[in-house]
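A, B and C label the chains in the order they appear, each numbered from 1.
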Amino acid sequence: KTVTLTYSNFFPPTHIQSQLAEQWCQEVEKRTEGRVRIKYFAGGTLTPANQTYGGVLDGISDIGMSAFAYTRGRFPVMAIVDMPLGYPTGVAATAVANAVQAKFQPEELANTQVMYLHAHGPGIIHTRGKPVRTLEDLKGVTIRSTGFSAEMVKALGATPVAQPMPEAYQSLQKGVVDGSAHPIEANQGWKLGEVVHHATMAYSVGYTTAFFVVINKDKWNSLEARDRETIEAINAQWAVKHGEAWDSSDTEGLRAFFQQGNSAFGLDSREAARWEAAVAPMIDAYGQKLEDDGHNGKAILKAIRETLKNHR
Amino acid sequence: MNPTLIGIAGIVLMVIVFLTRMPVSYVMTLVGLAGFSLLVSTQGALNMLAKDIYSVFASYGLTTIPLFILMGQLAFSSGISRRLYDTAYKFMGSTRGGLAIATVSACTAFGSVCGSSPATAATMATVGLPEMKRFKYADELATGAVASGGGLGMIMPPSVVLIVYGVLTEQSIGKLFVAGIVPAILITLLFCLAILVWCTIAPQQGPRGESFSWKERIKALGDLGETLLVFALVMGGLFFGWFTPTEAAAVGVFGVVAVSLLRRRLTWKGFVAALYETLRTSCMVMMLIAGAMVFGKFMAVTRIPFDIAQWIEHLNLAPILILAVIVLVYFVGGCFMDSLALVMLTVPIFLPLILHLGYDPIWFGIVIVMVTEMGVITPPVGINVYVVYGVALGMKEEVALESIFKGILPFLLAIFVGIALIALFPQLVLFLPNLMY
Amino acid sequence: MNLIWKAFQWITDKAKAAGGLCLVGMTVLTCADIIGRFFKYPIFGSVELVTFMGALAVAFALPFTHQTNGHIGVELVVRRLTLKTRLIIHILTGLAGSTLFAVVAWRMWVYGLNLNQAGEVSMNLQLPEYLIVLAVAACFFVLTIVILRGVIEAFGQLKTK
């Protein structure tokens, strides 16, 4: 018998992350010999980003891909992955996200079956007009950001302006904000390279956004055992592919960024350490908050840092 | 049952239920709910319904709508729009259809700062409809001009559709914006031409008024002093990037209130009435958008747009004919779906085909925006038409829905001509971006 | 029965006033944010607050917009029918409409409760957004009653005919 599932993804259909998801669907269909078929909907045409997880619970779609960060408070444990922990690459961030999920099995994800997670490469601050080389340069600079990246911006001494990604292009173009915190990839993917001038490659405080692919639990359990095994094998392969794709997107993004005649600055080790120190209280506070709420915040942070060490 | 058949049945059912005078937004929601539950699941459909409606209500991008409507309402109740049109009349009144021409041009100007087409239509309808009626313009012309003019807000940058297209197709949004300027002006000119021809054939639609000397005209302009200042602040502020569209609307409300208080034109009663009328119109517009969204979800899960796109991909036709078929698909699709959802579903499939045929992606983006612009004024799902109708009702200037649909015909024709011109002379679109980049 | 209608009329009127207040709030907050930004002190999260006020303004206007025929429908066919047929059609569509919005109110209420249970808060100010969802759900419930009232009144007219 064949089972037909629906898959909702908020990434636009031409985005590499969406194309990988679509290839995942085809791979599942092929390797289950057509017993599991998937109707794929990209670009939020089935559920918008902040309703994707709930949509999988509520039967709007059977499978969904979105970011933990779009539903703040729902994923307190996984949210710690998004902190500015100094992610060097998308591969590293993806490994961290999957490791945290596998090792700590957060309760917040218990009502669905996780397929795999992935996460983008380092999110950094981009500015218009004035370049940012030191913490002092950030004083009084307004930076478009959301959620945790807004907290990071604040911790670094700049002024966060909360605006969602789709508003970014127009806001930057018109100078409503002085800059934006986003992954390097977005300079190409969201065309932000056209409207910023400088990037501060502060890898020591690179943050990430972790994305999930989950399936409705009942639907998952209704699949034959051999198909579940097959899909799990595919998942392990695909998590890696997504991480690598984030890194190749970053390369593209950097190229697009420089093609616009923009400039990028690195931080010397002393300055990098200052930035790291500036965000440390925010990370520690979140770890402590998790401890207070009965999760192993400190153990998770330790595990993340160890995984990151292997990727340096 | 076959999803395509369910989709077609849904469209037919929707059109039939429209005829019962049940509110259009309720019908779209109801049919969308029924179709989605047939194709996905009842539980999924019920949850989708509540979440979609909430996400339309709680969308920052759409908060421009109530604020701009409020600005228009206040301009109306404090007599600002009356003075604006009195001045426009002194300049353009002696030309047949002159005020309609002024209105369409104002739509383009407004569209150059606002990215939403229902917001443009609602604002201009609030300001322009009662005034054009005051100067004895026929319903068809007056409403057709604001409903179609509203769509100009989408071609004229900034434009939400162009941003989505740019992100989808990896084209430079800046380039797309620049490319949109000439076509938007071209369509504006074609609209003006359509009005002139129309009023020559049927002079009673937009009667010729008296003419004024330049001295009187300049004096009228002078009377507008502080009003023009407010509009300059709103438009200039947007243009130079002091604020976003929602912020500009709020500044506009603030400015209009200040001007009216200064001139002692605004009473407390008038202010409250403007607030309530704004609520009514905004609620109507937002429910329409929510209904179109729910119905659009249903259309998405039928996969009809997807199937048609794939069908065209396998057609063996001359490039120009394939292009014509694609334009036709967008035109028909726009009759039943919101343009953004349609673009999202079909562009990824059409784009490789278009590139393969040797067309320029920037040029194609502009063609798509122009075609989807028709979608907002074509029945049965023609949001701008309903918005204008609703605004007219609210301002006690009742018009028949048929009059508006009749009124948009000349403008539809003008857009078709515009698309044909752009298809024949792609340089109209491309020369500006090529010059700048 | 009369008392119930009176109560809902009162709610409808008060909701309308609250909606007006939200519009004013949106304007004032946005202007304050712009002024603050000029002095490099933007109000953090103002976008979120304006969005919530916008959602509430529209929701508060639901009952009154329906009551004052603010939603548009196609009159083309209906106005050519006899009064009796029109009343029957009105009753049928009214029943369909009130059922629809009863379902919307119910599902939205459940949605709000789920958001709260999942611990979801707004992205930037971390406000309990579920309260807004519950308020919107309540507005849809009032709308349902207002539509039902129209149905019952039409039924009365039909009987006296």
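We take it that contacts are C-beta pairs under 8 Å (C-beta built on N, C-alpha and C of every residue); 3 or more make two chains touch, one makes a residue touch a chain.
To keep track of the chains, here are their UniProt names: B = TRAP transporter large permease; C = TRAP transporter small permease.
In this text the structure is predicted, and so the values were computed from the model without any measurement.
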Pair joined by more contacting C-beta pairs (A-C or A-B): A-B
Taking each chain's C-alpha mean as its centre, the one farthest from subunit C: A
Mean-CA-position distance for subunit C and subunit B (Å): 24
Centre distance in Å when subunit A and subunit B are each reduced to the mean of their C-alpha atoms: 35
Interface hub residues of subunit B, defined as touching at least two other chains: 47, 51, 60, 242-243
Contacts with two or more other chains, residues of subunit C listed in rising order: 47, 111
Where subunit A touches two or more other chains, by residue: 54, 176
List of subunit B residues in touch with subunit A within their complex: 40-41, 43-44, 47-48, 51, 55, 60-61, 115, 158, 163-164, 166-170, 172-174, 238, 240-244, 297, 300-301, 303, 341, 344-345, 348, 351
Subunit C to subunit A touching residues, read off their complex: 37, 40-42, 44-45, 47-48, 111, 114-115, 118-126
Of subunit B, residues touching subunit C in the complex: 17-26, 29-30, 33, 46-47, 49-51, 53-54, 57-60, 62-63, 66-67, 70, 242-243, 246-247, 250-251, 253-254, 272, 275-276, 278-284, 286-287, 386, 389-390, 393-394, 400-402
Partner subunit B, residues of subunit A touching it in the complex: 6, 12-14, 39, 41-48, 50-51, 54-55, 58-61, 164, 166-167, 169-171, 173-176, 188-191, 194-195
Subunit A residues within the subunit C interface of the complex: 54, 57, 69-74, 76, 108, 140, 142, 146-147, 150, 159-163, 176
